[in-house]
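These are the structures, in C-alpha cells.
Here chain A shows up in two complexes: once beside chain B, once beside chain C.
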Partner chain A sequence: MSRVTKTLVGAAPHIHAKQSTASLAWGSSLLLVPAFLWGLYCFKLAAVLPVVAAISAAILGELLIGLARKAFTLGDGTAFLTGLLVGLSMPPGVPLQVPILSALFAICLIKGAFGGLGANWMNPALAGVVFALLNWPAEMGTWKWPSHLTGVVGVSGASPLGFVHSKFATEAGGGDALSLLGASGFSFSGLDRSITAFLNNDLLGHLGVSLPSGYMDILIGNKAGAIGELSGLLLLAASIVLIARRIIRWEIPASIFASFAVLVWIFGGIPFGNGYFSGDILFEVLSGSFILVSFFMATDPVTSPSTPGGRILYGLAIGGLTFIIRRFGSGAEGVAFAVVIMNCFVPAIGKLELAGRINRTETLHE
Partner chain B sequence: MKPSNAKIIKDGLWTNNPIFVQVLGICSTLAVTNNVRNTLIMIAGVTFATAFGSFTLSGIKGLLPRKVRMIIQVLVLSFYVILVDIVLRAYAPAISKQLGPYVGLIITNCILMGRAEAFAAANPPWASFIDGIANGLGYGVVLLAIAVVREFLGFGTLLGFRLAGDWFTPWTIMIMAPSAFFLVAMALWGSNSYNARAEARRKAAVAKAAPDRAAK
Partner chain C sequence: MSHLLTFRYGGLVLEDKRSWPVFVPIANAFLPTQALVLLKQHQGRASRCVVRVGDLVREGALIGKADEGGAAAIHAPVPGIVKDIRPVRVSAGGPCSAVEILLQGNFDRLGKREERYIWTSMSRTDMIQTLRERGVVEMDEPGRPIVDMLASRKSPPILLLNCIESEPYLRTENAVLHECLKAVLEGLAILNRLLEPARTIVALEPHQEKELGEERLRVLSGIEAPVELIRARQKYPQDLPNQLLAAINGGRKKQGIGELFIIRPSTALAIYEAIVLAKPVIERFVTIAGGSIKHPAVLKARIGTPIGDLVEECGGFLGQPEKILLGGPLRGQPVHDLDAPLTKQTGAVLALTSEETNRSSKVACIRCGRCADVCPERLLPVEIYRRLDKNRTEDAHAIGLSSCTLCGACGYSCPSRLALVEAFATGQAARELRR
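And now, the complex of A and B:
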C-alpha cells in the first residue's frame, strides 16, 4: 500500500496577502520619487540624464533577457526599480556609459544569468553600483554642488563624506567632521543657520547642549553627493511609509543602524585624535548612501533573510562591515560593499534559521 | 581503438575544450589575460609544455611503475616548464619579469597533468603530441578571446597599440582579476547553451528518423 498524502483545506478565513511583487516594486519606486525630485532641483539636467539612462538600460536588459527566456517580465516593475536605484546612486553629470553599463550588468548578469526574478543571490541594483564604483572610480567620485547653493549649475566639489575621509590620513587631530568641513571653506546655507539657531535657542538650549552648524544642510541635502542620496530627510520620510505599508521589514535598517552607530560612537573619534566614545554618529549616518542603501537596497526580499532573527543578524553584520570599510577602505563609501558581501551570506543565515526552527519543533515534540 | 588525428584536434579545440568542458587551467585564465602579449606568451608556453610533456610521458609510459607515475609526470613536465622559463629569461627578459611567477606556475596548470593522465597514459607518443598541441590551442583560443576583451576595455589598446580614442574611459575592473571571472563565466554560459541546443536538435532529429526506437 502506498501512503496517500492529503492536502487538507481548513475553514475560512485564509491568510490573504494583498502584496504582490509588482505592488512592492512599483510602491518602492513611487516612494523614491521625492528624493529624485530633490536631486532634480539641485542638479537640473545632470540629474535627469543618468537616471533616465539607467532606467532605459535596465528595461532594455530585461526585454533582452525576456526574449531569450521567452517571457515578458517588465510588468513586475523590478527592472524599473533596479534601473531607478542604479540611476539614483550615480553622481550628477556622470558620463552616460556608466549608468547604462551598470544597469545592464545588474539586470543581465546579476539577475538574468542566474534565472531572473527571485533567483539572484545579490541585489542587482547594488551589484550594478559596486560594478560602477570599482570600474570607474574617478567618474564615480566626482561630485557637484547643488546649483541653488552656488548660483551656477555644475560647480564640482567634494562630498562631505569623501572630504572628511580624505582628511583621515593626512591631518589627524583637531575637532570633528563638521569643524573640519567648516575650516576648509564648506559654507553652510542660511537655512541651516536659521534652523540650527532655532533648535539651539528654543529646544536644545534648555537641555544644555547645542548643535553645531552643518547638520541641517547634511540632513536636508544641501551638499554634494549622488542624485538620490542627498536628502536624508526625504528618504527617511519615504522609509516610514515603506515600513508602515510593510513593503520592507524594520529589523534590517534598525539593526544596520544599531551596530553601525555603536561602532562609530566607540571608534569613530579616533581618526580625529579624540579617543574612544567620541564618534560623530549623526554625520556618518546622514552622509553618503547609508540611508538609501539600508532602507531601499539591503531590504530586498530576494536577497535578505526570511525570519526576524536572521534579518537582525544580517543587519548587524552589514552595520559592522560598513564601519570597517568606511574607516579602513581606500574609498569613502562602504555601505554598498557591506550589503553585497552580506548578500552572499544570506543562504548561510538561512541554514542557521532552519536549524533554529527544527530545534524548536523538536523541543515542542518532546 | 586509436582515435584519428582529426578527432583529437577537434576534441582539444571544441568538443573537449580544456576550459569550456574540462574546466581546467582556470587559474591562469584569471591571472594572465589582462593583456594580449602576455597571454600569447603564456599560450605558447602551455602548448609547448603540454605537447612535449605528453609526448615524452607517452613514450616512457611502459617503463613507469604505477605507484610513482605522478611524481615522474611532474618531473618530466617541470623539465619542459623550466625550459620555457629559461628561454623567456634569456630572450624576452621584460615579458619574463611581467609574467613573474606565472611562467613557473605553468607546472601547476591542470591541463598539463590532465592530458598526461587522461590521454598520454593510454595513447602512442605522436597522438599524445597532437593532443597536447590541440589542448594548448583550445585553451589558447579562449584565453585570447578573454584577453582581447580585457585589454581593449581595460586599457583601450590591443597588443599595446592604442585603438580607442580619447573619448574612451578605461574599465578599471577589466585590469583586475575579478573581471576574468565574469568573462570566463559568460563564455562558459555561451558555449554550454550552444552545446545544449545542438544536443536537443540532434535528439529531435534522431527521434524524427526512428520514432519507435527513440520512444524506448
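And now, the complex of A and C:
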C-alpha cells in the first residue's frame, strides 16, 4: 500500500458543500456583467472608465491593507465585487476621482480598518456610494442619456426618478409620474411604444386595464441613470439566478419590496396631489438604484442578519426607510442610505435572533 | 403508507442518494494473515489483555477481559499465534493497546455447521451474561456495551431499530438487512424480550421497505410483539436520536414519550449471533467506498483486518485519495495510514478524492447564516463559534453548545470552511474537564 503517500487528517466533517465564500463573491460579480454590458452599450467609454477606476482602486486598497496584515486576500473576490458595485453605482462620465476615492474609502476604511472580510459592520460598497453622494452631490446627480436614444454620445439629462422628485416641491397636482415625464418633454423610445401597444392590445386590453407609455423604457433601461442601474430587466434576471443558485436568500429583497411597495401604494400619490392608495409602485421600484441595492447590496451576508426572521425584519425596515428618505430627503435616492442605516441595527437584530432561538431550543429540549 | 416522516428544523439534503447506487456488491473478505485487535473497541477504557506473546489462540478465544463498566470483552477474530502486544495510534486520540495475531491453525467455526441455541427458554440473567461474555457492543459510535445500555434504562423505553444511514456512501446497514434479515429481526426479538419496551419501531429509508416486506414486519416472529414502521425522508442527520424522536413525533421533539433505545441492524445481528449461535463479535459488515476506491462494495470482514487489505480487495485505489476515513464523511474519523485495523465500530472505510471533499482554505466568517439554516438542533452555530473563538466557553454553553450533537451539518455548509465541529467538540470537552 505504498502508493498512498500522504492523506489529510483534518477534523470532521470531511465533505463540504461546493459553495465557498470566494465562489459566492465571484458569482455575484459575474451576474452583474449583463447590467454592466447594457451600461457599456448606452454610454460607451463613459461607462467603462468609472467602473475600471473603481475596481482598480478597490484592488489596490485590498492589496495595501493585505500588505499591512501580511495576507493576500484578493482571491476571495470580495474586493473586486465591492469595486464593481461602486463603479456600477456611478453616473456615466463621472470625474474619475469620485469612483477612485469612494472605492478606496470603502475598502481601506470601512472594510480594512475594522479587520477585513467579515469584521466590517457596514456594507463597504454602499458606504462608498454614500461617501460619493455626500461629497460630490453635483457630480453624482449629473446624468446622461443613452447614446442610442439621442444619436450622440454624452447628451446630459435628468434621471426619471430625480426629475419626478424634483417636481414634488414645485408643481403639485400634476397627475402621475409618467404623465409628468411626458409633459416635460421626456420622449419615450419606439421600442417602448411597440411593447406597450402590444401589451395593451393583446393582453391587458382583455382585462380592462392599459399600461401608459414609459414603463417599458424604464424597465429595459432606456433612460438616464447610473451605469449599472439602468436595466431593471437585466438586474431582475440576474437576481433570479442569484436566488436559484442560493448565492443570496430571498427574504431581504422580498421584504424590502413588500414594505416599500405598500408605503408607496398608500402614500405615494400624495405629492402628485392625488389621494391615498394611488401611489405608482412600478415607477418607484424600477427607478434609481432600488433593484441593484436590494438584490446585490442589502443581501451582503456580512452586514445582514443570519436567520430568516432577522432578514425579514431587516428588509421591512429598509423598505420603510427607503420610502421616507425618497419622499422627504433632499436627493431622489433613498435605498442606499436606508441600507447603511439598517447596517447599524444588525447587531441589535442579532440579539433578538439569539433570544428567539434559545427560547425555542429550550422548549424543544424539555 | 407513503407518508415520509422527518425532523422539522434544519438538516441537509445530500446528493449522494441519487448519484450512488443504493445496493453495492456484498462479499466475504479474505481472512487477514495478520490481525491487529485493539483492546478498546467500546466507549469505556481498554480491556485487560489476558494473552501473552507467543500464546496460541483459537478462533473466538477471549483475549481482552472487561473489568469495568463501559468496557467489553475482546476476542481473537482468527486462530493463530500472538505475535506482539503493542500500543498503536489510530486516528485521533492517544495510543491504544493492540494484540497482533499471526493467522495459523484450525478454525473452530469457519466452514462448520452452526449450532443453534433456543433462546426463548433462556432466562434473562443467562441472556445478559451471554451478551457480556460475547463482547456485544453497539456496532457504531460511541460503542456502548449492550449490557450497560440495558442496565441504565429506567422506564419502559421505545425500542427502535435504526436502519437509516443518512451519511453519504454508507451502505452497511442496507447490506445487513439484505443478507441477514431473519437474524436481525430475531436479534430485535431478543432485545424486545429483555427490554419489554412500550413500543417497538423500525425506522427505514423508503428504498429499504421492499427489503423488509411488510407482512413480515407487523409482528416479530417468536414473541408476537407488534412492530411499527417509520419511513423517514432522506435528510441528514435523520439517524441521530433527537431527529429520530422528532420523526416519530411528527416533526418536533416532545417530552413525555419516553426514552429511545436505539440499535443498528448490525448490532441486532451481533446480539442474535451471541445468543443463538454462541458467537462472539469477531466480524462485521463494512462499506468500502469513496471516489478513490476502484470497486466499492460491502464486505463481511474479520475484526482486526488492516483496512489496507479491505481496500485491496475492492481493487485498490483510483488515483491518490485525499482523505481516508473510518465511518461516514460527516462524522467519521480520518486515519493516517492503511494499517489501521477494522474495529467493532467501523461501519465504513472511505477513500475520498479532492473533488468529493470540496476542501478549500479557511477564510473569515461572513455571517451568512447557512450554519443556522441547517442546524437540526436549531442553534446559531455562528454565534457559538464567535464565543469559542474568543475563549468564552461558558457564554458558548449559555447559548446552547451543550445541545450540539456534532453532526457536522454546519461545517458541511460553511462557505468559509470554518472548523466549526472541531471548535464545538473542544468546547464541550473543556466543560467536561472542569466538572
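Following the convention adopted for this analysis, the second predicted complex is superposed on the first by the 348 of 366 C-alpha atoms of A that agree within 3 Å, B and C clash if a C-alpha of one lies under 4 Å from a C-alpha of the other, contacts with A are read in each partner's own complex, and residues count from 1 in each chain.
As a convention for this text, a residue touches a chain if its C-beta (ideal position, glycine included) is under 8 Å from a C-beta of that chain, and two chains touch if they have at least 3 such contacts.
Owing to the predicted nature of the structure, the values given are computational and were not obtained by experimental measurement.
Participant: Under the stated touch criterion, which partner chain does A:E353 make contact with: chain B (first), chain C (second), both, or neither?
Facilitator: second
Participant: Which chain makes contact with more of the residues of chain A, chain B or else chain C?
Facilitator: C
Participant: Which partner does A:L203 reach: the first (chain B), the second (chain C), both, or neither?
Facilitator: The answer is neither, since A:L203 touches no partner chain.
Participant: Given the touch rule stated above, what does A:L67 touch, chain B (first), chain C (second), both, or neither?
Facilitator: Neither partner.
Participant: Quick one: classify A:L24 as touching chain B (first), chain C (second), both or neither.
Facilitator: second
Participant: Regarding the shared-chain residue A:P301, is it in contact with chain B (first), chain C (second), both, or neither?
Facilitator: A:P301: touches chain C, not chain B.
Participant: Show me the chain A residues, by the header's touch rule, that chain B contacts in one structure and chain C contacts in the other.
Facilitator: No residue of chain A touches both chain B and chain C.
Participant: Would you pull the chain A residues touching chain C in the complex into a rising list?
Facilitator: Per the stated touch rule, the residues are 1, 3-5, 7-24, 73, 76, 116-119, 249, 301-302, 304-308, 311, 350, 353-354, 357-358, 360-361, 364-366.
Participant: What residues of chain B sit close enough to touch chain A in their complex?
Facilitator: So the residues of chain B touching chain A come out as 169, 171-174, 176, 178, 182, 185-186, 189.
Participant: What part of chain A is in contact with chain B in the complex they form?
Facilitator: Checking each residue of chain A against chain B gives 95, 97, 109, 113, 131, 134-137, 139.
Participant: Provide the residue numbers of chain C that touch chain A in the complex, in ascending order.
Facilitator: 91-92, 168, 252-253, 255, 308, 311-312, 316-317, 320-325, 329-338, 350, 352, 356-360, 363-370, 372-373, 377-380, 382-383, 399-400, 403, 406, 408, 411-417, 419, 421-422, 425
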